[in-house]
Structure formats: C-alpha cells, structure tokens
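A, B, C and D are the chain letters, set down in written order, and residue numbers restart from 1 in every chain.
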C-alpha cells in the first residue's frame, strides 16, 4: 500500500489531493502505467511525463526509482517557488 | 585662491583638515609640487602619489587635471567605504 | 540556520533582529520576493507539499552553508492566498565578506525557485492559471 | 532613489517600509555592512568628505538605475564612531526580477567600496590604523 499525493494541476486533473493505492509496481514508471490504465482523468494527468516531477518518500526522484519499501509517492508539475 | 582639503592620514600628516592656498598652479601635479616644497610634513604626505587620490571641485580627478576656475581640491588615500 | 514555512506574513526587521549576531559577521544580504500585479493579477494562491517543504529547503540551506563561509542563513516562505504587494518569501545570509553573502543568497534563490515544492496559481482578468516553470530558472541552476 | 549619509544608526525594517512600493516590484535585495571585531578591533571611526559624499553616491546610484531595470534604489552610509556589531551602511534595490536586483546591489557595493569618499580608522590592541584599500576591491570594479 502506498500513499499517492497530487499537487497543483495534477491534483486538479485527478480530482483529489491524495489516495491510498494498492500496488505491486516495482518503479515509479510502473506505478504511472497502472494509474494511467485506471481512468481517463489519470491518463490525462499523466499524458506528458516531461511536464511532471515525482517525489518518493518526500525526496525528488526519477521515473525509474524503485518503490520497494516506499510509503509515499507524490506527483506534481515543475516547482515554482521563490 | 583655492580651498585645499585633506582627509584620513593625509590630514593627519599635514596636520590640518583644510587651508586656503594662494597658487598659480596650472594642474593638480603643479599644486602638489608647490605644496611639497613648503615643508617636510607636506613632502611626507605627498611622497608617494600612487597611494593618493585627488578630487577637484568634489569630483574624482587626475594628477594632470587643470585647475583653471577650480575652487576646491582635496587629497586623500584610496577610499574605503562600504 | 533557520527555515520556516508559514501562511502568515512576516516582518523583515523582526526577522533580522539578531540575525547572524553570534558570528563575526561583516555582511548581510537579504532577498525578498513580492507578488506583482503583472497582467492584472488580483491574487495568487501558493500550494506546497507540507511533508516535504521544510526538509527540501533545509537541504538547500545546508548546501549553501557548506559551500560558502556563512555564519547564518534564514529562509521564510509563505503559502496560501496572497495579493499584489505581499511578501512571498525571503532569504538572508550572513558572512564575513560580501561576496560569500551575495553568492549564497543567489544560490538559495535559484534553488528555491526550482527545487522547493511550491506551486503558484495566479488569478487575473482571464481566470486562473498555474504559473509555468521557466526554462531560465532551471538553467540558472547550472551555474552552481 | 534615496541617498543618505548620517552619523545616526538606522533601522532596516523602517528604511524598507514602502521601499519600491510604487513600482511593480517582484524582487528586493538588501546588503548591510557591519563592523567586525576582527583582530580585537574595539572601535572604528569613519571619516568622510561632506561636500562630496552624497553627490558621489548619487552618481553611483544613478548609474545603477540606468544600467538595470530598477524601480528603486536606496543607499545609507554612516560616518563617525562605530563599534563591533554596528551597521555601517546598507543598500537596497527593487526590481521586477531577481537578477537585476542582485546585480545592481553588488554593483553599488563594489563602487561604494572604492569610489565613495569614506575612510575607516580602526582601533584595536595595537593602536589605531587607517584601513588600506584592497587590490581586490579595486579589481572588483572591472567586472561592471
């Protein structure tokens, strides 16, 4: 079980800020594939990965980052702080 | 007649912050030569021109700057503001 | 080193009182980011990632402290609703010498722009829009 | 644009209240110079050239305003007796974008160091000494 979080327009497209996901995905990319297959709103949110960033257990990560032992994955657009 | 001002260690070596000088010097360098010839304390203060800066009518100037029409000349070490 | 993420406004004078006072500090640099009314912007909403934000900024600040001879460093970043003229965030650096204080403040700003988990949504005459990250902000990181 | 030369202390928060408020300012940078206790320094005396100081700083500030897209710029410089921890001077710049605000503040500092008519005399355990201008400060001007 994973906590999956969404921020900014990813959150708006998915329609919720977080959810618990039952998954055996080995990497972030696998998890994205699973989510995309669920519903159109997921397919839409994840249609262009180059416009997205991911954090694994609250650290910036890559699409091929492993999910073993991970509790929390977050998807969001490039950050615009400052 | 010129107002001649001294700052920092130039002031300390000359022994006064300003004086009125009767001079026909054409340039700053000529004025320096006149002052140097006056007394040891002037010769000492002006012994190394590379360690000095000059302002003519309150603008930074050069040793060969003309003194025609000038009211005020100031001598001082390189500035240490900020 | 002090990092704070908050919805409340902050006062620069208050935040800087005693800042870096323990070191032999000769130079303090601050940067303050302010909401602009560009394009008729009426308000802004800043979203952040509560579990990650402070950690991510602390990591950036620790990097600044290790790369420059800083005596202290401070980052405050707001989230929530803001209007033009509001202060969004500030950084402050304290060092013996001005070059280190300036460079570290610029480094902090460049990294906060692209590596701290904040997202800005702008509300203006044409509706609401998420601010897009700029290529130049990403490129700015390459100089460090 | 505001330039002040004074013996009195100043308060950063007070000076920045409303600073740049008239423009569409997104970025404010400040630099504050502070007396350090280096080498056992117990006090410092700053001499200046009253007839020239404000004019010289105004010229530097006007140059900064013309070279960068600044909405405002502020310089305060003290003279007279100071002790470690005292603020010697500050500059502030306000601009739409952070790069201009940072660069202009660094430019102002580099020029104030070597082109504003101030001289520092330091008093410490070995007596009094006029601070010598540093080659690196003169060299810093060449980058602008």
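Note that a residue touches a chain if its C-beta (ideal position, glycine included) is under 8 Å from a C-beta of that chain, and two chains touch if they have at least 3 such contacts.
Chains and their UniProt names: A, B = Molybdopterin synthase sulfur carrier subunit; C, D = Molybdopterin synthase catalytic subunit.
What you are looking at is a predicted structure, and each value in this text was computed from that prediction instead of being measured.
Touch-path distance (fewest steps) from subunit B to subunit C is 2. Distance from subunit D peaks, on a Cα-centroid basis, for A.
Spacing of subunit C relative to subunit D, judged by their CA centroids, is 23 angstrom.
Centroid to centroid, with C-alpha atoms defining each point, subunit A and subunit D lie 48 Å apart.
Note: centroid distance subunit A to subunit B, computed from Cα atoms, is 72 Å. Of all residues in subunit A, those that touch two or more other chains are 82.
Within subunit D, the positions touching two or more other chains are listed as 33, 98, 109. Under the touch rule stated earlier, the contacting chain pairs are A-C, B-D, C-D. Those residues of subunit C that touch subunit D in the complex are listed here as 11-14, 16, 21, 24-38, 85, 96, 98, 101-102, 105-106, 109. Partner subunit C is touched in their complex by these residues of subunit A: 5, 7-9, 11, 55, 58-60, 72, 74, 76-82. Residues 33, 47, 49, 51-52, 55-56, 77, 88-89, 109, 112-121, 130-133, 138 of subunit D are the ones that touch subunit B when the two sit in their complex.
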